[in-house]
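Across the two complexes that follow, subunit A remains constant while its partner is subunit B and subsequently subunit C.
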Partner chain A sequence: MTEQLPMPTPPPSDESGCGTSRRAFLGTAVATVATALTGCGKLSKEEFLQHHFKELSKDEVATIIARLEAEYKEKYHKTVKVGTEGPIPGVIFGYGLDLSRCIGCRRCVHACVKENNQSRSPEIQWIRVLQMDKEDGVNLEHAEQYYNPAEVPQEGHFYMPVQCQQCKKPPCIKVCPVGATWKEKDGIVVVDYNWCIGCRYCMAACPYGARHFNWGEPHLDAADVNPDTHYLGNRPRPKGVVEKCTFCIQRTRGKEQRYTACVEICPTGSRKFGNLLDPKSEIRQVLETKRVFKFKEDLNTQPTFFYFYGV
Partner chain B sequence: MNKRPIRNAALMLLLMAVPALASSPAKKREPVAQEGIELPKPPFSDGIFPCTACHDGKQVPVNTQRRELGMHTEIELQHGPDSRWCLDCHDASSRDNLHLASGEKVAFTASYKLCGQCHGDKLRDWRVGIHGKRTGSWSGQKQYLLCVHCHNPHSPHFKALKPMPAPTRPEDIKLTKGGAQ
Partner chain C sequence: MVNVRNFKNFIVDTATLMATGSRIYYMWVGFLLVLIAMGGIAYANQLHKGLLVTNMRDQVSWGFYIGNFTFLVGVAAASIMLVIPAYVYDWGPIKEITILGEMLAVTALIMCLGFVMVDIGRPDRFWHIMPLVGHLNWPVSMLAWDVIVLNLYLLLNWFVVTYLLFSAYLEKHYKKALVLPLVLLSIPMAVSIHTVTAYLYNGLAARPYWNSAILAPRFLASAFCSGPAVLLILLQVLRKTTRLQIKDEAIFKIAELMAYTMGFNLFLTAAESFKELYSGTEHMVYFKYLLFGIEKNGVHYNTLVPFAWASIITGFVAFLLFLIPKTRTNWVTLNIGCVLIYSSVYIEKGMGLIIPGLTPDALGEIYVYRPSFTEVAVTMGVFALGALVFTIMLKAAVPMMLGEFTISKGRMAAKADPETEPVQAH
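Right after this comes the complex of A and B.
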């Protein structure tokens, strides 16, 4: 009987655990056993029994957000807002990166870390800047990511930042055994950190190296926490989950619909962002007037991240 | 009959005022808006503007002869120095302005028009947001930058920068942190 199965959020009136209701008793029992079996000591019963994000009712989402915000408040001693803004109708995000202007200064890499609450030790970076030889063109066999000269750009080189390409046919989503990662209507590929089981299949499937794993408990000082977060984006992550670029979902879908952090920091203006469905947006202007290519186009992942030559 | 031109003029004024009124609450930053573009102030060196503080026609006499200057020696002209000098862009008769090749005066706040005389392709790209940097909202109000915020007009090549730290190599994470921690 389905009645006997543990349901996602037991009624809060039965917090006392075993005794009053059969459902609450079973819920607690299942959670306790699971906790003992998996060794996830920190996981609360509510968290363990939480359903898939897309199946949650509004009330359930509100409960979860309240729980998360309380957890963050306790951990970081400051108010962290966890947003759940959905895709904006009539919007599909697109991104352009001008390879003729990027000088490889890595300002974007670090602005992203700051904005998106990545672990600082070891530091997880969602953007990887590749230094390549002008003679060889875009050739990954001649790409260097650990370059560190006194000044960039270096003679004879160009720079190619790589991050999540927000593919239209994302291989990472296909391989996820639990559906913890999916593509939203506005084109952003997101991860539900509460549903991710940490198998890292998506990391193996991604041809761009855009997904990153929290091998240890993320080290994030309270002072470094960006309190403006999104459930599917930059909220502080637990250990053992995969994370990735979300086009700064907390900014781009937020009230002010801001540009991403990498766009705003870039000193050369190489980064372009906008709505692919708006003919006047910068990204559409780029697509219509410049020489554009998609990275690893032959794989048919169909990125909505475009590289172009502005000159 | 006499009243009609007046009424027409009043109507015209009203029509002109409406868009101005409608757009005024949007301008929160420096009021340098031209063609509906919101721009910050030009990046003057400290105390250099207004130019008429010295170039008022009395303290410094006007000399339109092309020459090495005794003042402003910190400026190194690397912008076609063989064929160009100060008064090709700066206006001798109206020092707080620039001028186009046609002689038309242009404020420093609209210097992009001057740049666009030669770099028309860049101006076209800048207007639609391909060239240059924008901040603010991808769907709404944006802040642009003038050409001269990134390119020193006297030496416009974009200057090299020190790169920020490289990512940690995986082997170094193990060495310094004893595993994943």
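Right after this comes the complex of A and C.
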């Protein structure tokens, strides 16, 4: 006969069930508070508990991608593919911009917005084109972003488009308190939109104004959605996080290794792109035959984005 | 006896003390609760619509919230202006009131964390910044350092305050071997919280206005002017309204120390201005925006100019009032000086540090930033929260410091008071 216990012991299965439900309850409770903090009431427990992208296992990544794709399907009523292609071995991307050819038409700005699913209202633009006075050279005190003449280029001016310079020593990465932004092996600086806390320290640190914040809920019409996306790139973003140019990671890392949208659209051929490690690439040709300079070189951010005067 | 049961009594009694009081006390707390509720509503709206309801934008991506945060880190650090004379120089008259400085530090730090919380875009992801649970980018990110030192300083001050009051409650003298090292530790920690906060900005080569080696010393000097100014006024209020005895000489001693820090603060400001204005490089543009305004495309941008000069002039007048012994020991001029120096530093940190650091922006654009209604309302809410925390802490602490409310006298006194609710017997 077994000894009589003062209290009945619940069967083990019951106990574990109780423990699980308590844990589940706690998780749900915390997620509910967090949902209240997002102010939109759409935060799932899975999303709340999702960990840093680089610390996820392959299975976890697959689950997250499936969740995101389902979310986008529901929101935009079309199939959005969220890729996770990694860097291609032996590739470091470089970019060249010919200041003597650029006419300031801003086609690149709008092609970028279209390709990368930026919020249309308020509109976020990853490329900003500066109109400069010819007699002042590159001088930010005289730079104008809101030029709006009937025709470009305007007499006495030249144009300098600025976007993420994909620095070798990016000050934005250094300052991020949660490591939500990092440099990939192919040189692209990326942001995990599901890990960013929206402190905007990286924006203060960036000398190029290349980082942009989703001040409100991003508005993107279903018809405007580019369904070919990448997790670290142009997938639709949530409110309250920072985003930036990723050299069209969804294109440049894809099987066809397409050009970035800005390179493709440029009517004057001012934009050059390619693999810095490939001696025959276009960008290496630029480095070989033209004299290049880096924007704000004195800050030692070491951009892989080169400006040059082609003619 | 220091045990769990006594501590539980201490907590219950403290809560009772905080919850009961005169009509004026209830009115004051009620007033603060109304302000907190208004701030809360504004914040709920901000959560719902996003930071779009602030006037911050990509060009000026930090504003009023972070300015207030920076100012309050200084207030928190300034509690050591009481600790140094009291413990390092063993100066008796101040010793009894250092606990007030520590409570002010706790309050200021709670407000600091509040301002960070209302500024971030995804407060639901707060856990990402917690060490071990999240992914703290330490030691590379200065913000990671700031999270650590601010929380440690908060814990340290909170522990010392609680321990001192608990000892007083138990009618026992506190253990000097425990308190003295902690209080002495708070000195380098106070310096470090404000230094690290200065380094947040200082390390950004992209913002020449902040990228100056004397930024951290300037932060400390200005903090040691504004923090004690709050305390000086508070000490006078307390000795009028409670039986707390605070000697004149304690107040005058703090005022004298403030005169030195204010002189040093003005000197550092002058040194920075000279370097910028005399060398006149392109980096001068931020200083120019602050002090004189700048012109672009025929528009004169001078939003900050009146604030900048108000800060400089009030700072200078306050310095004179504190420097001259006659005005320093005259209650009217002393209090005017306190208000002036507080305003001077508040403007300097609130408007004069963050905004010109970001204007013109990294690409030379001038975005005129003024805090929106939401930002002002939320800020008011956070300050009201701080005032509430400080009020209820004082409410419980003062009778304990005076020995009027202890484990043996406390609840009996409470029972004898017809206004208070009956305390349940244990």
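Rule of thumb we're sticking to: the second predicted complex is superposed on the first by the 272 of 311 C-alpha atoms of A that agree within 3 Å, B and C clash if a C-alpha of one lies under 4 Å from a C-alpha of the other, contacts with A are read in each partner's own complex, and residues count from 1 in each chain.
What we mean here is this: a contact is a pair of C-beta atoms (placed from the backbone, for glycine too) under 8 Å apart; a residue touches a chain by one contact, two chains touch by 3 or more.
Bear in mind that the values here come from a model prediction, so they are computed numbers and not experimental data.
Residue contacts after overlaying the shared chain place A:His110 against subunit B, while subunit C stays out of touching range.
Look at A:Lys174: by the touch rule set out above, it reaches subunit C but stays clear of subunit B. In the superposition on chain A, contact of A:Phe48 is made with subunit C only, not with subunit B. In the superposed model, A:Tyr201 makes contact with subunit C only, not with subunit B. Of the two partner chains, both subunit B and subunit C are touched by A:Trp215. Within the superposed three-chain model, A:Arg128 lies in touch with subunit B and with subunit C [touch as defined at top].
By the touch criterion stated above, A:Glu85 is placed in contact with neither subunit B nor subunit C. Of the two partner chains, subunit B is the only one that A:Pro267 touches; subunit C does not reach it.
Of the two partner chains placed by the overlay, only subunit B lies in contact with A:Lys290; subunit C stays clear of it.
Residues 122, 128, 145, 215-217 of subunit A touch subunit B in one complex and subunit C in the other.
Considering their complex, residues 34-40, 43, 48, 51-52, 55, 122, 128, 130, 140-145, 162, 171, 174-180, 195-201, 203-209, 211-217, 239-242, 299-300 of subunit A touch subunit C.
Residues of subunit A that touch subunit B in their complex: 91, 98, 103-107, 109-110, 121-123, 125, 128, 145-153, 215-217, 219, 252, 256-259, 263-264, 266-269, 272-275, 278, 281-282, 285-286, 289-290, 310.
Put simply, subunit B touches subunit A in their complex at residues 125, 128-140, 145, 150, 158, 160-169, 173, 177, 179-181.
The part of subunit C that touches subunit A in the complex is made up of residues 44, 46-52, 54, 56-59, 61-62, 116, 119-126, 128-129, 134-137, 140-144, 147, 200-201, 203-207, 282, 285, 296-297, 357-358, 360-365.
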